[in-house]
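What follows is chain A paired twice: with chain B in the first complex and chain C in the second.
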Partner chain A sequence: MHIPDGFIPITQSAVYWVIALLFIALSLRWARRELSEEKVPIVAVLAAAIFAMQAFNLPVGMGTSGHLVGGALAAIVLGSPFAAVFILTIVLIIQGVIFGDGGITTMGANIINMGVIGGFVGFYGYVGIKSIIKTPFVSAGIAAWFACFIPALAASVELWIAGTFPLVPGLIAMGTYHAAIGVIEAFITAVAVYLIWHARPDLDWSEKKTLEPGKVAAA
Partner chain B sequence: MMETKQFVMIGIVIAIVIGVVAVFLASSDPDGLESTALVVQGEKSLTGITPPDAELVEDVHGGFAYDSPMPDYSVEDLGVAGQIIAILVGIGISFIIVLGVARVAARQKECAGK
Partner chain C sequence: MIEELFLIEKHTYRDSCIHRLDARVKIIIAFAAIVAIVSVPYSTIIYTVGSVFFLFFMILWALSRLSPKIYFWRLAMVLPFGIFIIIFQIFFENRYYEVFHPIVSLPFNIHIYAESVEFASILLVKFLVCISFIILLSSTTRMQNLLEGAGRLGLPPEFALVLGMMVRYLFVFAYMFRKVNESLQTRCFDPFNRDVAWKYRIRMLGYTIGTMFIRAYEQGERTYMAMLCRGYGRDSHLFIRKKPLLRQDWAFLVTGMTVIVAVPVLTWVLYAS
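Here is the complex of A and B:
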């Protein structure tokens, strides 16, 4: 759901960039407070894997394909929505600047949709769903589905404001396609969270008592 | 518990395998946003296949245009080899930049004495 440059007028793009920069600043604060030297390479390899998986478009029928976005994955594995903002921002900059995937002016909107909304929906979705059904990996999958679906609806509203998509047909099409693509997001996120937390049980913050987003206040 | 060095090595290998396999197996169908654009531009029906001659108009509002060095994850004139190079470059740069930024951030905390 990378919005290209021509889809949002410059002035509106600037507004999304300002909002995105606020969250980028908060994600850098998260990184300063929560990242130990030990965790740094783990964050980096997660970013590399998310980049690779974003290149792997899988067919979902209806003449459409989709790939993992990874916002829920980053947020759930690292225990903070700001981890998703941190990783997705850098991945989106690389995709836009080097590979022309997603616009430069619209990068702010893309960071908001996939990093901020994807990260927050993924993280708080996981916390909320897990408090009800208790199974961490199913919770991660369901949260990841919403972390694909809801940013897609946000993008269609932004593109309606931009005058690029009509509101209802845009919401229906974006919603239909990303409901299907969300199944990819759900499956890969659940499997990846399972594998990562089994390899590194120390990363599994959700079995510990605190459910605060990365203990921001305590740091 | 897996050592961090081992975890990172395995992770990089998985990323490279996924990236290289993607070059050969990834679907060339438009993604969800492009498909939606094709639907609202009248080039495609909601649930039907994407016609091979469907043309996506990206330049809806005009204005800014940018030429990236490796457009569409490819290198000019290098075909499949260029696509593999592009993916490997992307994986490498993602790892290095996140490693660099995260390391600087982590050290700032330690300098501040917690």
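Here is the complex of A and C:
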């Protein structure tokens, strides 16, 4: 899903960067407001976990690469889609600058696909599905599948707009791979969310909690 | 990729004039080269610009005194994620050419076009030059120096803090993965063993993923608590000392930027005339 340098013309890359920077600025505002002392380790661990998840990637014949995304996991665990933008930006910087996986000029497009689309689809998909089926872990899994599948389609559309790959073969290749990979992503997200919230209920920031007067927070 | 992180970092601890350069200078030169090569239109002009840029990269790599084997090893790691899309180009028409001439006709009405082969080679040149400069940057600059360099160039402190911690936790994660994996092996658990019920295998894998995550988190939390005990606070950020560029840094920056700007402009002027 990482689009390398050279596959998107510089003018289009600049447009994607401007859009990505807007979301990065909003994610920084989220970080300044929400990144409390107890959240810093989980943000860093989530970033490391997502990096490790994305490390298991396969080349896609008529696309770029197929791998897990992790945007839904970050957004659901931290209770905000901007958390996914923040974390995925960090992961993509390390991947692009250290490993050359993804690109520098195309980083804006990659942040939009995995951070913005992945995070927003993952978070609002989770909220919407949970309101219907009422099971948070299954909802997290289903939302994670969409958050893996839709960014892959977005990457194909961007390559088509760039004129570097035809739309239909790109959509078929990237869509098929990520529909399958999305099942693994759904499983990992559901399990991770289930275990985190069961082992450490104090780490559940998915819903805003208000303290009742006279009660002391357990954490 | 995690194991490769150790190896990449190992190369940055060598000594050469490129290794000694300020991280800011290397970041600017690498990014400028990438932006310049990507800015060149999809035309045959890229062969000249790409050749000169690649020559520039080879001189820098030779000055870094790193073995060509390291470059080829790193290139082989990244190449699969771009090369397939380049290879498949030859079968498709694209918007950058008006007429397409088939050079090979295959069954099922599949053709290889001369123009598409040319376009694929243009993409390959761009891809190779960009990757080469990233390999040079990350093979000659320690991660901590990159982080400080990025901080001095204006990376927001929130990103610098989490980036620094993430890199440390990455190693914690790899260590936890190894420990959990070893414990599974001692119990002869094989997730691909079909003699074991799939529900059991899935449950065990689920516990493994969750345990790895929770353990890595708790290790990270302990580290963070230790940092807090040493006076670290919410508003503390990575301390970055002010560091002026040395004369050799300026010399390299000016020379590098001159090459990066002049080569595409001069090539374009030559082609236009």
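Points worth noting:
We take it that the second predicted complex is superposed on the first by the 194 of 219 C-alpha atoms of A that agree within 3 Å, B and C clash if a C-alpha of one lies under 4 Å from a C-alpha of the other, contacts with A are read in each partner's own complex, and residues count from 1 in each chain.
One rule holds for everything that comes next: contacts are C-beta pairs under 8 Å (C-beta built on N, C-alpha and C of every residue); 3 or more make two chains touch, one makes a residue touch a chain.
Being a predicted model, the structure only gives us computed values, none of them experimental.
Taken together through their common chain A, the two structures put chain B and chain C in a clash. Of the two partner chains, chain B is the only one that A:156 touches; chain C does not reach it.
In the superposition on chain A, A:194 contacts chain C only, with no contact to chain B.
With both structures placed on the common chain, the touch criterion links A:33 to chain B but leaves chain C unconnected. Once the two complexes are laid over each other on the shared chain, residue contacts for A:42 go to chain B and to chain C alike. Within the superposed three-chain model, A:177 lies in touch with chain B and out of touch with chain C [touch as defined at top]. In summary, superposing the two complexes on chain A brings one listed stretch of chain C into steric overlap with chain B, and the stretch in question is 131-139; the others among 59-67, 131-139, 203-211 or 257-265 show no clashing C-alpha atoms.
Residues 2, 4-7, 9-10, 28, 31-32, 35-37, 40-45, 47-49, 51-52, 55, 57, 59, 61-65, 86-87, 90-91, 94, 96-101, 103-105, 163-166, 169, 199-200 of chain A lie in contact with chain B in one complex and with chain C in the other. Here chain A touches chain B in the complex through residues 1-10, 28, 31-33, 35-53, 55-59, 61-67, 86-87, 90-91, 94-101, 103-105, 152, 155-156, 162-166, 169-170, 172-174, 176-178, 181, 199-202, going by the rule given at the top. Of all residues in chain B, only 1-2, 4-5, 7-8, 10-12, 14-16, 18-19, 21-23, 25-33, 35-37, 39-40, 44, 46-50, 57-73, 86-87, 89-99, 101-103, 105-110 touch chain A in the complex they form. Interface residues of chain A facing chain C in the complex, by the touch rule stated above, are 2, 4-7, 9-10, 13, 28, 31-32, 35-37, 40-45, 47-49, 51-52, 55, 57, 59-65, 86-87, 89-91, 93-94, 96-101, 103-105, 159, 163-166, 169, 187-188, 191-192, 194-196, 199-200, 203. In the complex of the two chains, the chain C residues touching chain A come out as 1-2, 4-5, 8, 30-31, 34-35, 37-39, 41-42, 74, 77-78, 80-85, 88-89, 92-96, 123, 126-127, 130-131, 134-135, 137-138, 143, 146, 156, 158-159, 161-163, 165-170, 172-174, 177, 202, 205-207, 209-211, 213-214, 216-217, 220-221, 223-224, 228, 233-234.
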